[in-house]
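Both complexes shown next keep chain A, but they swap its partner, so chain B is in the first and chain C is in the second.
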Partner chain A sequence: MSAAARPLLEIEGLRTHFFTGAGIVKAVDDVDVVLERGRILGIVGESGSGKSMLAYSILGLVDPPGRIVSGRIALEGVDLTRLDEPRWREIRGARVAMIFQDPMMTLNPVLRIDTQMVEAVRAHHAVSRGAALERAREALGRVGIASPDERLRNYPHQFSGGMRQRVAIAIALINQPALVIADEPTTALDVTIQAQILSEMQALCRDAGTALIWITHDLSVIAGLADEVYVMYAGRIVESGPVDDVLDNPRHPYTRGLIDSVPSRNAPGRPLAQIRGVMPSLLALGEGCAFRGRCARALDACRAAPPMAAAGGRRLRCVNPLP
Partner chain B sequence: MRIVTGEPIPVRVRDAAAQAPWRRFAEEFAESRIALFGLALLVFLAVVAIAAPWISPQNPYDLAQLDVLDSKLAPGTPAAAGGLYWLGTDDQGRDMLSGIFYGLRISLTVGITSTVIALAIGLALGMLGAYVGGWLDALIMRVADIQLSFPAILIALILLAVLGQGTGKIIAALVTVQWAYYARTVRSAALVEREKEYIEAARVLALPKWRILVKHLLPNCLPPLIVVATVQVAHAIALEATLSFLGLGLPITEPSLGLLIANGFQYLMSGKYWISFYPGVALLVTIMAINLVADQLRDVMNPRLKR
Partner chain C sequence: MNAAAPLLELRSVSKRFVRRPDAAARIARALGAKVADETVRAVDDVNLAVASREVVGLVGESGCGKTTLGRMVARVIEPSAGERFWKGRPYAQLESEASRRERLAVQMIFQDPYASLNPRLRVAQIVGEAAVVHGFTDARRRDAYVAEILDRVGLDASLMRRFPHQFSGGQRSRIGIARALAVKPQFLVCDEAVAALDVSVQAQVINLFMRLREELGLTYLFISHDLGVVRHLSDRLVVMYLGRVVESGPTAEVYSRPNHPYTAALVAEIPRVDARHRRYVPIRGEIPSPLAPPTGCHFHPRCPKAFERCRVDAPSLREIAPGRHSACHLNDVSPR
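And then the complex of A and B:
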């Protein structure tokens, strides 16, 4: 297969485990992901489902006691799990970048914006300070920051939350990466800003041909943004497929539960549909479907690990799926 | 309802320089008058200490200028060589005012030098421990713990008993006593800052490790350190005075404030109070000025005390 025909990102059988004193935490367990160039992929799951650890695994930033136990992460044909640190440095921040959840925290409070942007450029390109500054100015302009010349000389605390997230996005995009991973970047923002950032992010990625992985617990964000959605539960992908398919006709009971618990889908005056129970401890998962304790459709067969089954563009890990 | 559109609300735009961290910091610091007073006092004392050779009526180190016949004179007595002993003389005929000026110079030098060296050592070890972790971190911190479990004065006494007297030696003793405070403070600050997202963001950008350490981590660990350092200068000065008072600090030919106090101690009961009293006042005022500044620094730099 030629390099061009290959998908941008291929993850096969990825397992990232944490070896803690209390036992092994399988934060990411047998995850497969395929992402084509320029596409937007949404990863949905509740807190602790392993979606952030999946992102850190892709970036090679899993800190001890965690490590990638097995599996392959191929970005542009290069297996990231086998890279040494110097090679990583060429890829991280240049080919793959990340945007974090809290824009109040991702910018260094004691450094001016220009310093932070220039060092981001110069960490990967041997250019002069002036040239790097020019790039920074363009990048700020692209994300819709007015008078970038003045703003470059500001400190992070002089920006509002939404503006800071724009700066963070500008920094992530400044080296024209092939892939950007966004870890709940709009959760800390209010809804109007959230909508703006979402549509801008979508447009920026489409224009530059950048692929985007958007991690969130909010299905309504994914609905308008992503091409494809992966639903994650307790470290495993339970359902994946084209976003309209999955949201219109969820087949995994967990996906169904997530969709039903979106407030706008509930009738006024009726109690909100909830998924009963809480996610089990990742330490005590054992074999079998991790969702079976909360699932209304659980069968005896759920005690055995459900295999991943592919059906018409959809992949599903359930022995008793919804019709 | 009608929406009234009128003049746009004028937004006060402050220029970038006015918002720079140090500028904001200076404004907040100036909010307390007592701290400003402390700072002014400290600057005054520093100027006196630096200018001591030029403003002192007498060079107290030059034995040729001392007249034993002028010993133990009360404040305000005219000197045989002309002029006035404003604060009296000690048992060797040394002008107390000159002695205090020179003593202040030595006390401040010893206090500040030892603090700066201890700060540098503590900072390096603390950052190293926090960044590397593991057995090295454990080793550094256990040594610091052991060190801090002994009273500072005891360690300094033992060291000086072994090393002998001298300015360099007392600085070495003070550094040994102090570094652990900084190592601990910077380590705890670095451990907190290290987990913040901007460090993670810097790692995602694949910035060089040393750059993350020096340009991103270090400046964010400084605020608590500056506060500790200011308080520690006062501690170092007091500790040096104590050691000198006990006769283990500086040689009698180069008296610091503590040594001047010790010098007059034996005459305190015989009514010749000024030999100990005025150096004592000078020491008190110096330490108070530093503490006033330190208190305000702590208030300004501690986000938890922000109004």
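And then the complex of A and C:
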């Protein structure tokens, strides 16, 4: 099969588990993802759903006591779970890059922006410092930073939060990776700044054909941005599909509950639809559906692990789905 | 007491924060250099009246002064200028021992359910301490008192011997609310009280706030950057930008027909579940530094409709329709 016909990213049966003193935490448990070139995929889940660990697994950033137990992550046909560290260094930042919630995870506080950006270019390309600097200047311009020449000579603390996140985005995109993973990059930002960054990310993906995985707890951001959505709960994908299908006609009771609890979907002043209870501890999950304790549609059959069923581009892990 | 007086009122309240000159600046000044103090006008001449049982939503982006305003209402900090009134009486008159209960009537709920609870105290102490100190109960009956309040906020009273770290984020929020309720307040300042919570838990806590308002007849100043949340909860909306109120009015009206260009931009940019595959068309520019706010209307460098007068002349907040106020020169120019 030729590389062009294959999806950009194929994840099959990925399990990332943490072996702690208190027991095994299945942070990512039997996750499948398929992503085509240039598409935007939204992963939505609450704290502890494993969405960030899925991202770290793709980038090979899982630290002990966690490790990838089984499964395959194929990016452009290369299985990332089998890479050694030298090979990782060639791929990370060049073919796949990450934008973190806190831009200071990307930026070094004691180095000027130009130093950091030039280093990012020259780690992957044998170009002169001048040529690398030219690329850095272009990259800053693309993410909407005015007077990039001046800003290149600044340190990270001289930028506002929104600007710092833009610099982190510019660095993630500077080597034109095929895939960018963004983990809640706008959560800490104000609405007007969030809208600026969303608009820039959209344009950058459209123009460069970069695929994007956008991880968030906020369904409404996914609604505006993504082509496809994956809903994650307690380490598993519970529902996935095209964004319109899933949000207009959710089949999993958890997805339905998430959509219904968004304030703007409820009449002002009326009690919000709420999901009762809280997410169970990942240490005490057992075999069955992790949502069954909070689910109004739970059956006896939910005590067994629900299989993933696929139909017409949508996938669902529920034995008693909504019609 | 004047019966028509609002429950709480702020008149021309301002708060300035002055940064003390550092050693280098002091030396330079001693040698005759002109080094000005750095002053931030966090809140600049704000008027606000809140009626009993009203829910006022205060919205704006980081640095707009909404938290500072809330803290002045809750008496956490003192204003640099202006006056505050509780049931028509100036705050200064409430300083006496006899007015102790009146001072407790305004309580604050903090943003971070992790940082705002003392990690070394048990829930019974966190919730019950102030109630004992102020004589709402005594040490002997404290646990029964705490149990009643925990029950009201939806927490299992048998958990009162636990420490904060043994609770989830949503439960900690409830502990923070219980602590405020323990001194029988009439007015709660909620500063981003649900911002740190997951969506499903956030809905539970918002419902709790609405139920408590019904049951206890509470009045809220609900501070948030999330217009979706504020729209759901509040009767009236107050929008701040760089220390000034730019628009206020009934929530539904401001939301459906915003007058100020900044409000319009905020409303337009709320992500919505039913808005798919959006082309985001954001307002340009960053929020300017409050150390050096723009001249005239603070919003003019980012405003798509700014004209010459906006650069020089600060617009005042004027009534544009019954109960609605806006600070924009465009209201003088032409009917919009």
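Throughout what follows, the second predicted complex is superposed on the first by the 320 of 323 C-alpha atoms of A that agree within 3 Å, B and C clash if a C-alpha of one lies under 4 Å from a C-alpha of the other, contacts with A are read in each partner's own complex, and residues count from 1 in each chain.
The criterion applied here is as follows: a contact is a pair of C-beta atoms (placed from the backbone, for glycine too) under 8 Å apart; a residue touches a chain by one contact, two chains touch by 3 or more.
Not measured: the values here are computed from a predicted model.
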item: Partner chain in contact with A:Ala311 - chain B first, chain C second, else both or neither; value: neither
item: Touching partner for A:Ile171 - first (chain B), second (chain C), both, neither; value: first
item: First, second, both or neither for A:Val110, with chain B first and chain C second; value: first
item: Which of chain B and chain C A:His124 touches, first, second, both or neither; value: first
item: Partner chain in contact with A:Leu283 - chain B first, chain C second, else both or neither; value: neither
item: Partner chain in contact with A:Ala94 - chain B first, chain C second, else both or neither; value: first
item: In the superposition, chain B vs chain C on chain A residues touched; value: C
item: Touched partner set for A:Gln194, first chain B, second chain C, both or neither; value: second
item: First, second, both or neither for A:Leu322, with chain B first and chain C second; value: neither
item: Which superposed partner A:Asp218 touches (first chain B, second chain C, both, neither); value: second
item: Set of chain A residues, in rising order, touched by both chain B and chain C; value: none
item: Of chain A, residues touching chain C in the complex; value: 46-47, 160-163, 190-196, 198-199, 202, 217-221, 223-225, 227, 243-244, 247, 257-259, 261-266, 268-269, 271-275, 278
item: Chain B-touching residues of chain A, taken from the complex the two chains share; value: 59, 61, 88-94, 97-98, 100-102, 105-111, 119-120, 123-124, 150, 153-155, 157-158, 168, 171
item: Complex interface listing, chain B residues touching chain A; value: 16, 19-21, 196-198, 200-208, 211, 215-216, 219-220
item: Contacting residues of chain C [partner chain A, same complex]; value: 61-62, 168-170, 198-204, 206-207, 210-211, 225, 227-229, 231-233, 251-252, 265-266, 269-284, 286-287
